[in-house]
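Okay, so subunit A shows up in both of these, paired with subunit B first and subunit C after.
So, the complex of A and B:
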């Protein structure tokens, strides 16, 4: 029971991060391997504001989100759009996007190393116990999970009720047909990419309240987010949330009962099972 | 074989013979750089054998390399002869490649990239866990093999890789792979078993990387997971191969030599900026050198020829 709830709390934050990646990969069709670095950058921002000015990480979200949005929008328009235009096929774009964002990931790690050094950073925010159904949990984990649920809910509503959100979902289904019904694909792809970056950075700020990060941990989060997105089905919001919760529980399970050093191995176990038995994702439809 | 084939074989043999004379200079630093270059030349060329024609970017070189290193280390500790551990490493590398290939190569390329990206870290976590359980920390590899031996072994390995690559390029398998790289759909429709072709080539690449790991194990003397499975190795191999260009068999070598020298210089004087350099190299490859130095050389040649034609 203890493991289950800790896992669910962790999974809630994972859902937010994976949602960011899903917006970028599923909707904007860019495999962004620099996703985790934005998470770490968001965490850095929260850490910096908290230690320097005692600003609550929850307030920092309102600074982190627009900054990350703007930066990701710039990255898409300046660096990725030329690749989209130049690509002759989807495969070509995929290879180019992977190499570019991987390069970007290293550049951001390099910059963060230069700015903050290679040390682990953590701070103590809301590190108080709270009792839920008879067991005690850290308040910061609960807060982060609740914030993640609120943001995920908001995103889900936006994608299902708002016109721009629904257009983005149409692009996720089929970019070519989306153009036929008058959707401005280049503009909305940039929007989805920027929004994805903002969501991930917010997730990073939340996760930094209870996990220790350092400049080079980004790639681990990218991998986990990718596993979640593929498991849930690319472009599928509901699947992402379910998959994130599953991964959170499995990881906590492995970390508590076997060894805390095996979390990635746990994620990979899920990944292999999905690839072997349901490559289209839990809720995805088989493409022809 | 045509006249040109003979020419290139003779040229390669001469170059190899010249390279083999490097230890005669007696300069230990030169030899150490030579080993690094030879190691990356073998790794990048064998990487390009698979990833060049198919465009499937493998980020898993370090996993195979570490597997080879550990095979040799564990083998020697259990009383095996060093030379016996090399073929064992090759077999294990091929087996790992088959497992990864069966899980991912039947699907679209992205799954393969993601899976290989975390593979080294995955194996490292499992090995570390195994060591925690058994209470053992690292392994000593004590042999009477010197740097010169390692260098010569790598050169022999390079020769084998080039010959294999050349043979594959002329075989039905190589032809099938080029079609897969152009259009996988077309390849499937013309009756090529695409997964089989891809897995076969990935096995060659994986087995080679594992053997390189075994060959280098005596150089490290003391082996621990963080050293054997360093992810940096995979990324460097990808950059060097793409920088040189994967369109030709000799392409990766053209990238390996300048990049190794640059990397050594940067690591020596600005050790904190290596990550930045790595990132910038990826961007340079995508935006400025999409076909690598090979593409640059060949378009230069074409321009020269056109100018001659007009004159």
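So, the complex of A and C:
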């Protein structure tokens, strides 16, 4: 039973890491390889506010989210929209986006290095045990998982009930047809990208409460987010959530009952199996 | 008339320039420094390597420079980021040797990058006094690369130090016989675990939990819970910085509080003590230094004043010492000729901030710190292979 809860907590962490990339890749159609760097930047912000002014990371979220939103909006409008405009095919846009955001990742690492130095940063926040159904868990992980539920749940509701959200889903399905029904594709793509960036930075701030980060650790998170987004199916928020939870439970299961050294192998085995039997991901649409 | 004057002026100028040529001799020593500013080892490099480069250059230049056969020469540091990529380290060293024409090059950071760069140091004849290269292949390496020197010892010695400390605690009745051992599944972690296993068994310990976890694991609770379920008297983790922090935090949450708790790399970082505060009391870790000695205290104060950061309690001081060795060798040889300096290093002992350094038959410093412990907010050396100043290891009393 505690395997299940630990796995769900870990899955919540993974969902936070991956949700932003799902919005950016699935909805705005930009494979953002600099995603991990924004996660780390969010973590830096939380660390800085906490060590400088004892401000709880939960409050820092409200500063980090709009800042990240604005920054990502700027990046989309200045760097990425020209790529979207001149891309003659979906494949070309993917390649262009990958190359551009790859470079952006290096630039981001350099900026963070200049601002914060290369040292590891970590702090203790809510590092207390909390007892749930008889077993102890870290309070900071539980908080992050609860926040993940709120954020992902809120996103799902917004994307499915709100008009703007549904317009974004329409863009994810087919941008050309969306334009035909009067949806402002450029503006909403920018919105989706910016929102994805904000979610990622918030996720970073939350996970920095229990993980040790430094300016160069972003790439590891981008990789994990990518695996989860593709496993869950690009473009569907439910897919990311389910894939993240599945991965968290599987890794905890393997680590506890088999061998902690096999968690990576198990994770990628799951990835390979899902791609073999359902290439579009768990909740993805088959491409025509 | 005018042409003759012009010709005379030109001739005078030419002669003047030719005469002044030799007088404008090189007055700075170009010293190359290659290390990780980005990539997986950037965190370690930022704590241990780069501040010491800055501090050493500052100290040398404040004193007027290095005395090279009577002339004082200031040092100019040329820095390159090798991105924790051995290929980049090699490229940077090559560039320093051929394009920048560096007089000397400081050894890179980390075992892997040093071993990768050793052939090219050898090829260009640069002496290589390493500071953060830990390997059991020292005998092999020093026979292949005669100008490569080692200050921090080998994995067998490092692991052996832990076994010794735990044996002492067991013989004093402070802990029992069972050890839970975990390691990160990366080069150094695996090497330490492999070196430790036979030594634990030979010392009569029973390894009740033995497991590895991948580098970058985000959730270490299964590992800690597994270790806790085995009810160990001692917990030993051959870990890297992110998991050193993660395992310690998870052990606090899960209530794993044996009387001996050891995490490897980064336990000696000031940020470990800062993060865990009073709970770090009694935690054992890799490395150590004679923290109460005046030499270290003075060095730490200068380090903080010049670079703004505190040194770590393991490899920082040896890194600075390795630069001191280079400086003393240049001054002793009285020349910037690489071969002469290399010969001086080979044939002499050195006095540094970590004490006297002599080379054994494998060009290695045989007396190095192996285990340290946080006591009273300072990480003090408790075991070494021959350094003075070790304090007694105390049992850990929970995570208060």
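The definition used in the following text is that the second predicted complex is superposed on the first by the 273 of 288 C-alpha atoms of A that agree within 3 Å, B and C clash if a C-alpha of one lies under 4 Å from a C-alpha of the other, contacts with A are read in each partner's own complex, and residues count from 1 in each chain.
Simple rule for what comes next: contacts are C-beta pairs under 8 Å (C-beta built on N, C-alpha and C of every residue); 3 or more make two chains touch, one makes a residue touch a chain.
Treat the numbers as computed from the prediction; the structure is a model and nothing was measured.
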First, second, both or neither for A:83, with subunit B first and subunit C second: first
Which of subunit B and subunit C A:91 touches, first, second, both or neither: first
A:173 touches, of subunit B and subunit C: first, second, both or neither? neither
First (subunit B), second (subunit C), both or neither touched by A:268: first
Subunit B versus subunit C as contact partner of A:259, first or second or both or neither: both
Which of subunit B and subunit C A:251 touches, first, second, both or neither: second
Partner chain(s) touched by A:6 [first = subunit B, second = subunit C, both, neither]: second
Touching partner for A:74 - first (subunit B), second (subunit C), both, neither: neither
Partner chain(s) touched by A:113 [first = subunit B, second = subunit C, both, neither]: both
Touching both subunit C and subunit B, counted on subunit A across the two superposed complexes: 109-110, 113, 216, 220, 259, 261, 263-264
Complex contact set, residues of subunit A against subunit C: 2, 6, 9-10, 13-14, 109-110, 113, 117-124, 127-129, 136-138, 141, 207, 210-212, 214-217, 220, 248, 251-252, 255-256, 259-261, 263-264
Parts of subunit B lying in touch with subunit A, wherever the complex brings them together: 55, 57, 103-104, 107, 109-111, 113-115, 117-118, 121-122, 125-126, 128-129, 132, 235, 242, 272-273, 275-283, 285-287, 290
Residues of subunit A touching subunit B in the complex: 31, 33, 83, 91-92, 94-96, 98-100, 102-111, 113-114, 216, 219-220, 223, 226-227, 230, 258-259, 261-265, 267-268, 271-272, 275-276, 279
Residue ranges of subunit C in contact with subunit A within the complex: 36-40, 42-43, 45-47, 50, 84, 182, 185, 211-214, 216-219, 221-223, 225-226, 241-242, 245-246, 249-250, 252-255, 266, 269, 271, 275-277, 309
